[in-house]
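Just passing along the structure, written as structure tokens.
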Amino acid sequence: MVKLLTGNALLRGDVLWWDGTGWSLSIADAVALEPAEGAAILGREAVGERISDLALIDAEAVDGRFRPVKIRERIRGFGPTVRPDLAVDEQDWR
Amino acid sequence: MAEVFAIDGRAVVSAELDVVIGPDEDVRGHAGLGNYRVIGIDFPKWRDGRGYSSARILREMGFAGDIRAIGDLTVDQLIFLKRSGFSSVAAERPLNPAVAQAALARFPFVYQRAADSGVPAWALRHPVGAEAAE
Amino acid sequence: MYQYDDIDQAVVDARVAEYRDQLERRLSGALDEDHFKPLRLKNGLYLQLHAYMLRVAIPYGTLSGRQLRMLGHVARQYDRGYGHFTTRQNIQYNWIRLEESADLLADLASVEMHAIQTSGNCIRNISSDQYAGAAADEVDDPRPWAELLRQWSSFHPEFSYLPRKFKIAVIASETDRAAMKLHDIGLQLVHRKGEIGFRVYVGGGMGRTPIIAPMIRDFLPTGDFLSYCEAILRVYNRYGRRDNIYKARIKILVHDLGASEFARQVEEEHAHVKTLGLDAPEAEIARIRDFFAPPAFEAGLCETLDRGDPDFALWVDRQVAAHKAPGYRIVNISLKPVGKIPGDASADQMDVIADLAERYAFDEIRVTHAQNLVLPHVKASDLQAVWEALDAAGLADANLDLATDIIACPGMDYCTLANARSIPVAQTLAALLAPREAELGELKIKVSGCINGCGHHHAGHIGILGVDRKGNENYQLLLGGSGAEDTSLAKILGPGFDEAGIVVAVEKVTSAYLAQRAEGERFLDTYRRLGAAPFKAAVYGETVNG
């Protein structure tokens, strides 16, 4: 189990994933973080409040990328399951 | 003492509070309020809107002194405070007077009669029938 | 319908300016998120699963063609080409950008629309009967009273920081098309000895603690309308619980005090506030009522329809309701085509409906709490043309109140509060039940993705509640609810199911109904007659499953 750091962009509301150096729109770019490391980055990014709802979420490594443990977070990383045309990720959220 | 922002002429900015009424206190059950110059009504959390009812009831009871809102308040509550009968505000984080004045002047009309002198829209629309119908 | 005067326009314009100022202060850092969030919520802007969601108010579910066209424009300009009509007669957009939100509100204000108080612990959109002004059974049009309440509740200084949200519904007939008794305040316009007044219900709701509102006043004269509501809200604001958000609605207060003690407190407060000049004068009521005068219905119109086309005939039978004016009909537009998302409409579809309203329906559209739309005043002789246009736009499904006319909240596909997805369940069920829809008859299925119950599952003949069971989506099956005048709360049948299982369970329920119904019985009637036992047996078998 690892942690991914996620949030929503203040201005546009887009779901964002910490990719190691900055924020990506794609969950495929998310990097695994140790809890302490993640907390430190979260604390730093929280200053200035440009990213909303910052959270460290649990994820598992699956086929070379990271899959959130919670269904809600997987849907968040994929897009509404009922509108695959609006999907932001090509991987199946399931 | 927190900075006091005066909403209207009833504010006694330099005076300390004679009493502080908490959100769960019944102003109607409070004896002797008529003797006070400045009644404080506490807003420990901005979300808790019981103080608006308390202030309005105090005005309905005829209190003409300074009713001061204290606590977790920002300029965004000002117009509601004013219309509920508050005459001053002492917020935990001091209000910027210019921003506060702009907030108070923001809405040119009000829809309902409250504890201030605001004339409800329906009274402006029907100036002859400005009193209640019945 | 109501039209803004200079006062109304100035108010929404000021609100846009206020919000723009608050947004700038947030973006510049002068206002922190903790203080900005409640302000954006007061303008209906939530941060949801994928993006910001904006809930636009459609007061008592009534709008004009021009306004609907603007909603389509908003969908194209600011969103991804569609909107979702809600169970409170509002519309939601799922992909709004905060940085554009003030411009969006300004666009809405240009057509007398807004998102004021569509969220937050304040008085929300006043809902009403979608057939208002068209139904033969109404005492009077309820909407002038809804408009009076809308204005009274807008920026009410004493009631902007309530313990919780507050929902009011106004109807004017014994037939309840607005689930009136499941609101915080339900008002029914009635006649008594030649006078009109209100029957007042307080303390209904769904969610964690579903309760049918008790009546607290059997006749409220119209002259006391606003002051009495003021008294109710003041008692609630002062004594509603603030220690626990799940116990903060007025229904808990009414339940804890008991209806008669609550009514007594309201009467006591009313005796006091009645003297304060809170009630609008008769002249204002007349002014507002004038906007809701019946349109210029023509006389001597042809009533006969050419039912030659079987699809048209079926649509007429299911979607078209009787109108109080001879020669006219009420047209229901289904936003529940099988395979699509319940309650969603594309910008193009909104334009089609706006055109039809202007051309054929005295420029009026209604939104129903079942997430469908209505053209309230259509000539019988125009029905064919209307149907053809709707059909071309994918809006002519003939399923009103049938098994595929499912209410579903956005659920976990969109909403951060949800524990399970609701739309896929609704879609699978609709596909499954479509072939038997005619046979099943009236069957109101309602799906909520969490206990907050925005899908109104407690008011469903068949209700489905999504829950989180050890990290997996799980669904509870409830039976026997109704949001109509025979109001009842659906009850859980037994242990829950996974996504595949709930669909099978519903199918078993419908089969059991078909097997045991008496002549003319709807599912709800059969359930009420037989109780849960036969359905339990059908779903779970004679032995209880773990």
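Order as written gives the chain letters A, B and C; numbering starts at 1 within each chain.
In this text, a contact is a pair of C-beta atoms (placed from the backbone, for glycine too) under 8 Å apart; a residue touches a chain by one contact, two chains touch by 3 or more.
All figures in this text were calculated on a predicted structure; none of them were measured in a lab.
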Arrangement of touching chains [line / ring / star / complete / other]: line
Interface with more contacting C-beta pairs, comparing A-C to B-C: B-C
Far-end chain from chain B, centres as C-alpha averages: A
Mean-CA-position distance for chain B and chain A (Å): 45
Centre-of-Cα separation between chain C and chain B, whole angstrom: 35
List of chain B residues in touch with chain C within their complex: 23, 26, 46-50, 52-53, 56, 60, 74, 76-77, 79-84, 102-103, 106-115, 120-126, 128-134
Chain C residues touching chain A - in the complex, by the definition given at the top: 27, 29, 32-33, 47, 49-52, 80, 94-99, 341, 412-414, 416, 418, 421, 423-424, 427, 471-473
Residues of chain C touching chain B in the complex: 5, 7-8, 10-11, 14-15, 17-18, 21-22, 35, 38-39, 121, 151-152, 154-162, 223-224, 226, 234, 237-238, 242, 272-273, 276-284, 287
Complex interface listing, chain A residues touching chain C: 8, 10-15, 48-49, 52-53, 69-72, 75-76, 79-83, 86
